[in-house]
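Presented sequentially are two complexes of chain A, the first with chain B as partner and the second with chain C.
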Partner chain A sequence: MHSTTRRDLGRFALGAAVGGAAAGAFPAFAQSANPIRIGFAMALSGGLAGNGRATLLAYQIWAAEANARGGVLGRPVQLVFYDDQTTPGLVPGIYTKLMDVDRVDIVTSPYATAMIAPSMPVVMQRNMCFVTLFGAGVNEVFKYDRHFNMNITGDNMKETYAKGYFDVAAKLPTPPRSAAILAVDNEFAQKAAESARFHARQRGLRVVYDRSYPPSTVDFTPTVRAIQSARPDVVFIGSYPPDSSGILRAASELRFNPPMFGGGMVGPQLAAFQAQFGPILNNLINWDVYSPEPTMNFPGVADFQEKYRTQAAKEQTDLLGNYIPPYAYAQMQVLEQSLARVGRVDQAALAADMHASEFDTIVGKFRFSASGEWAEPRNLFVQFQNVRDGDLEKYKRPGTKVILAPENLKSGELRAPYGPPGA
Partner chain B sequence: MDPDLQLLLNGVVSGLLLGGLYAFAASGLAMSFGMLDIVNIAHPALMIAGAFSVVVVGTALGLDPLLVAVLQAPLFYVLGIGIYSVYHHFFERRGEEALQGLAFFFGIMFIIEVGLVMAFGPEQRFLDPPYAFVTLRLGEIDVPLRMLVPMLLAAAVLGLLLLWLRSSFTGLAIGAVAQDAEALRLMAIDPVRIKRLAFGLSVALAALAGGALVVVQPVEPTSGQIFIGRVFAICIMGGMASLPGCIAAALLFGVVENVTATFAGPSWSPAVAFGWLLLMLAVRPQGLFGKAA
Partner chain C sequence: MSTTAVVPATLAPPPQGAAAPTRHLPFWLGAAALGVALFVALRLIGNEYGYYVGYFILQYVVLSSAWNILGGYAGYVNFGAAGFMATGAYTAIVLRKATGLDLLPGIVAAAAVAGLLGLATGYLTLRLRGVYFSIATLCLAVVLHTLVVNWDYVGGSRGAYIVRPREVPPFVSYGEYLFVVMLALAILTVGIARAVQHSRIGRGLQALRDNERAAEAVGVPTLRLKLVAATLCGALMGVAGAPLPYYSGYLNPEAAFGLAYAVNAIAMPLIGGVGTWAGPVIGAVVLGGLQQAATVTISSALNLWIVGWMLVIFVALAPRGILGWFQGRR
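And then the complex of A and B:
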C-alpha cells in the first residue's frame, strides 16, 4: 500500500496550484487560434478587490462580445490575468511575466493609482502602449508618451477635480464663508484635498479645518466632532470605503448637518454602501463618474449594465455596476477601436492613433491629451435625493443620484442642508 | 459648557467606548500570546471570520448580531481546539514553534482572508441592528449605542472570564501554564490539555469580538489587518499575561487615540498612541500590570 508522505502532499499541492493558476489565468485557452492576448494584473483579493472584480467582469463581458463579433483583427480575444492581491510589490513581477513569459500582445493596467504606478517602469522598458484604469495623475511623474488613462479627472487634477463641488457650493441659499477638509493619507485623496484647498482659496473661503487621517483609523467620532465644532459651511472629505462608512455614521450620530457635506468620498458610489446607508445618504454631494440620469444615457451603456447586472451576483461583485464597470468596458473599446484603425498590433502606431483620435464609447466621446489623460475632464458631483431605504432598484433609475455638476450634464437642483429630512 | 471641555469629555467617552472594542479584540490574544506564548498572528483574521459568520447567520435568521456572536462562540471554541492541536502536533511538540509556528499562523491568516474573499466576495458586509442608529444624549455628551452595546457585552464577557480565571481550578491552571508548564505536570495536570482549552477560549473570544465589530462598522475580508498592530501593542502594554492589564491598556489606547484625534488631528492618533507605548515600555518594560522578571 502506498502511504502518502509530506513530500507527496507537497507535490500534489504544487500540481494543484499550477493547474489552478493555468485554468484561472487562461480561461480562453481552448479556443485560441492565434488569439490577441490582453494581459493585466487585477486586484481580485485585498482592499481594492471590490472594484477589481467588477472591472474583470466588465472586461469579460467585452471579450465575450468581441469574440461573438468574430474577434479583433479577425483574431479571438484572450484575457491573461493574475491577482495582484492589492499588493503593489507584486505588480512589477506580474507585468514582467506577462510580457516576457506569457508574451501577451497588449497590456492594460491594474485598477487604480497605487497599483498602476509600480507597473509603469516595467511597461515603459518594453515600450508597450499602456491604457490604464482610474489612475490619478500617474503620468505626471513618468511622462510616458504611450500612456493613456481611462479616468474622467483629466490633466491638472488640482485645478479641475473639486471645481464642480465648489461651483455647487456657490449656489447655496446662503453663500458659504468657510470650508473644512479631511482626507485619508493616500495619493488620490490627497490630490482631491489639494484641489479642494485650491478652490476654497480661489473663492475666498476660510479653511477652518484641514487634516489628514491614516487608513487604519477605526473611530471617526472625534474627528467629525472636531469638524463640527469648527462650524464650516462646506465640508470636503476625501476618503475610501471603510472610512467613508465611519465618517457618515459619525456625522449621522452627531447630527452634523452642514449646508454642504461630501466631496471625494469613495464608497457611496457602490451598491453595498448604498444598501447599508439608505436615508443617511440623503443630500450628500459626492464625486462620481456615472449616474443613470437622462443626461448620461450614452449609446450602449444601458445594454452593458443589463448584462453586467445579470452576472454580478454570481461573480460576487458590485450589484449595480454604476461606478467602474462602464469605464472598464470603455477602456477595452478604446483598445478595440484603435486596433481596428491601425490594423495590426503595433505599439508605436497604437499610441500615435490614441493621441490623434476621438473615441466613441459607452461612457461617451472623448479624446486623450498629450499626457494621456482625458483632454476634457468630466468630474461629476451628484446629490443623493429621495432615499428612504436601502433598496437598490432606485439606483437603476434616474432621480436618486442627481447630477449637479458639470453644468452640461446637470439633471436636478441642489438641496441643502446635508442630512435626512427633519434631521 | 466650554467648547474645549465639551470636546475633551466627548473624546474621553468615545475613547473608552472604542477601548472596549479593543479590549474585546485583544483579550483573546492576551490568552494565546500573553499566557500561552503562542504568537497567533491570525487572531484578528479569526475575529473577522467570526464577524462574517455573524453577518451570514444573523441575516439568514434575522437575529441580533451580538446574540449570534454568543451562540456561535462554542463552535469557534472547537475550531480553536482544532487549530491548537495541529499547531502542537507539528510545531510545539517538536520545539519548532518559534519561526515555523509563526509561519503556520501567517498561513492561517492568509487562508482565512482569501477564503472569505472566495466565499463572500471582497465587498463590505454589514448587519445593522436597529439600535445601531440610536445615540443617547447625556447632557453635552453623545453616546452612540453602536459603540455602547458592544462595550457592555465586552464588559460582561471579560468580567465573567476574569472571575473564572481567578476562582476555578482550570482557570488557575491556565494562569499557571503561562508561568511554568513543567511544574503543572508535577501536579498531575496535562499542560497540553490546559493550553488546548485556553487556546479554544481565545478563538471563541475572537469570534465574540467579531460580532461586536459588526455592530460598530461594516466588515470586509481584510478588515483584520487594521487591528493586528493595535491588539499586539495593547497586549504588550497590558503586561502580556495579564487580562486586567490588557483591558486597562485597551481603554487607555482608545482614549489616547480619540483625544489626540480631537485636538491634534487623526493623523497623529497612531503616532501618539504607539509613541506612548514605547515610552511606557521604556519606563516599565513588563507592561502596565506585568510582573518584573
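And then the complex of A and C:
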C-alpha cells in the first residue's frame, strides 16, 4: 500500500494549484460532464464594453436558469467567452480558438456590427449556425444562410426604420412641413438617415438640413446652431452615445425646442445617460427596442429584469437593462428553443429550424426572414415624458418612456414641443 | 557616373580584415527551412487556430522589422506605423473594389503606395530631428485617418467589407493561405532588414544615428540614406497591412489605425533589441505571443498593459533589449 509522505502532499498541493490555475486560465477545460458549450467573443473592455458587459450578464442569467431547469438537451450549459477588447483584429483568432481548440458546440456573435463582421468569415468557413446580436445589415454582404440576427430593424431598414418617427410627426398639432437630418458617419446611423430621407420625401416634407459628421466630432454647438437657423419642424438625428451626449447638451444650451426632436440616437436608452441628462430628455422622441410599458409586458421579461437589476451594480454594467439585455437573453432563448425542437446539436438542422419556426421569448414572438433578420421589424419610437430629474426609479415603471409607435404597442399620446418642462 | 564616385568613403566596403563579409545564402536557406518546418508542423497539428496565432505574430514581425529600419538603424522614431499599415490595408481594398484583384496583387500595390508615402513623408519630415520628427509622423497618421474617414469609396467611417473565398487550393483553408503569405512576407522582410543592416546603407544609417553632423562632415549622404530607409520602412509596413482586410473580412478606420499597431511597432524592437535585424523578430515573437496568450487566458484588456510594463522593465533593466542583455552577459 502506498503511504502518503509530506513530499507527496507537497506534490499534490502543487498539482492542485497548477490544475486550479489552468482551470481558471483556460475556462474551456474547466467543464462539468459533457456540457453544451456556447462560445463567443464579447467586448468586456474598450469602447463597446458598456453594452458588452450587460450582454454577458444577460447570458449568464439565462445559463444559470437553464442549468437550474436541468440544462439543454439534458446537458448542462457552459459559456466559453473571451474579451475581444472592442478590437476587430482579435475576433477571427478568438473564433478560431473557440471552434478548433475549445471545440464549442454553438457559437454566438460578439456585440454589434464592427465586431460581428470579422467573425463571419471564420464562422462561415465551418458552416456553423450563427445567431448574432444587434448587427446592422452584416449579412447583406456575406449572404450566409445560417446567419440569424437579433435586431428589431428587419430586412428593409430604408423603408421601415424611420417610418414610426414620421407617423408620429404626422400627428403634431401643426402638420410638419420641413425636416432636418443629421447622422454620424457609421453604418447604422447612415442607414437610419437614409430611411429618414425616404420617409420625409414620401410625406412631402422639405429637407432643410441634411449632413453627416465624423465620429470624432466633439463640439456640436455649430451644428445644432445651423439646424436651428434652418427652422425645421422635425429633427431626425442618427448618433452614437458620445455624439448623442454632445448634441443634447448643445440643444439644451441653445434652447433649441423644435416641435419634434430625436430620431435614431443611441445613448438615451442607457441608464447612465438617463441619470446624467435628466430633464434634458423630456419630450425627446427616440428609437428604442424596449420600454417597460404595459404593451410590452411579455411573459418573463419582468422576472428577467428583476434578476438583472440585482446583479447589475455588482457587475458594473447598465443598471436598468432596458436596452440590450432582454434581447441578449432572448437570443439564448432562440438557441434553447431551436435545440429543443431539433433534439441534437446539428448546425444544418438548427439553421433550418430557425428559418421555419416562430420563437416565443421575453421580447415577444417573432420569426426570422430568409436573410436571417426579423421578418417583422419592430422599431419603437418612445417619448420621454414627465422627466424632472435623473432618478432612475421611474424608468423601471410605465409612464416615463411612453411608446408612440408602432400603433400596436402604443402606450401614450404625443407631447410637443421638445424640451424640459418650462423651457 | 560610376557607383564608387557617388558613394562616400565612409560607406565604401570595409577594408579587408576589418569585418567578415556577410553571407546571405545561409541565412535565406535557414529562413526558408524554418518557414517550411513551421508550415509542416502546423499542417501536422491540423488546427486552424495555429494559423491565426502564427499570422498575428508574423504580422508584427513584418511591422516591427520595417519600423526598425528607420527607427532602429537610423534612430528616427516613427510613431506613424499604424498610418502606414492602414495605407497598405486600404490600398488592398481599393484595388479589390476597383479591379477585383486579390490579395497578392494587393500586397504589391500596398508596397508601392506605402513606399511612395514613406518617400514623400521623408522629403517633408526628415529634415526634422528627434522628437519633432516623431511628432510629424504622429500627425501623418492623424491626417491619413481623417482622409479615410471622409473617403466614401473605401467605406468612410462605416468600414469596408471584403468577402474572401472559403478556400484557396492547394491550401486546406483560407487561414492557412493567409498564414503562408504572411510567413513569406516575414521572411522577406527580415531578410531585407538583415541585408540593409550589413550593407553600406545600414552602416551609413548607423553612422547618422550615432552622430548625424559628424556623419555629414565625413561625407555620408544622410538625407539620401534617410529617404531610402523611409521608403523601405513605409513599403514594408504597407505590406504588413495589406492582408488585414482579408484576415478580418471587414475593416473600419478604428481597426486599421489601431493604437496597438503603433505601440507594438515600437515596443517590439525595443524589447527585442533595436538596431539589429534579430531584435524585432525576438520582440515580436515574445510580445506577440504573450499578447495572444493573454487574450485567450486572462481574457481582458491586458494587452497594452503588458506591453507598457514590459517596456518599463526593459528600459529600466535591459535598455538594449533581450539581445543586448545576452550580449552584455557574454
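Basically, the second predicted complex is superposed on the first by the 392 of 423 C-alpha atoms of A that agree within 3 Å, B and C clash if a C-alpha of one lies under 4 Å from a C-alpha of the other, contacts with A are read in each partner's own complex, and residues count from 1 in each chain.
Going forward, contacts are C-beta pairs under 8 Å (C-beta built on N, C-alpha and C of every residue); 3 or more make two chains touch, one makes a residue touch a chain.
Everything numeric here is computed off the predicted structure, so don't read it as measured data.
Visitor: Contacts for A:Asn156 in the overlay, against chain B (first) and chain C (second): which applies, first, second, both or neither?
Guide: After superposing on A, A:Asn156 lies clear of both chain B and chain C.
Visitor: Which partner does A:Asp318 contact after superposing on A: first (chain B), second (chain C), both, neither?
Guide: first
Visitor: By the touch definition at the top of the document, which applies to A:Arg211: first (chain B), second (chain C), both, or neither?
Guide: first
Visitor: A:Ala226 in the overlay: touching chain B, chain C, both, or neither? Say first, second, both or neither.
Guide: first
Visitor: Looking at the overlay, does A:Pro241 come into contact with chain B only (first), chain C only (second), both, or neither?
Guide: first
Visitor: Applying the document's definition of touch, where does A:Leu270 land relative to chain B and chain C: first, second, both, or neither?
Guide: first
Visitor: Would you sort A:Ser369 into first (chain B), second (chain C), both or neither based on which partner it touches?
Guide: neither
Visitor: Quick check for you: in the superposed arrangement, does A:Ile94 touch first (chain B), second (chain C), both or neither?
Guide: A:Ile94 sits against chain C, while chain B stays out of touch.
Visitor: Which partner does A:Ala114 contact after superposing on A: first (chain B), second (chain C), both, neither?
Guide: The second partner, chain C, only.
Visitor: Shared contact residues on chain A, chain B side and chain C side combined as an intersection?
Guide: The overlap between the chain B and chain C interfaces on chain A comprises residues 44-46, 185, 214, 216.
Visitor: What residues of chain A sit close enough to touch chain B in their complex?
Guide: 44-47, 49-50, 52-53, 86, 185, 211-214, 216-223, 225-226, 229, 241-242, 245-246, 249, 252-255, 270, 272-273, 276, 316-318
Visitor: Applying the document's contact rule, which stretches of chain A touch chain C when the two form their complex?
Guide: Against chain C, the touching part of chain A is residues 25-26, 44-46, 81-83, 85, 87-94, 96-97, 99-101, 114, 117-118, 120-122, 124-125, 141-142, 184-187, 190, 214-216.
Visitor: Within the complex, which stretch of chain C touches chain A?
Guide: 47-49, 51-53, 56, 146, 149-150, 156-159, 161, 163-164, 166, 173-175, 244, 247-252, 254-255, 258, 260, 292, 295-301, 303
Visitor: State the interface residues of chain B toward chain A in the complex, per the touch definition above.
Guide: Against chain A, chain B makes touches at 3, 6-7, 10-11, 14-15, 17-18, 21, 113-114, 117, 120-126, 128, 133, 135, 142, 144, 146-147, 216-218, 220-223, 226, 229, 254, 257-259, 261-263, 265-267, 269-270.
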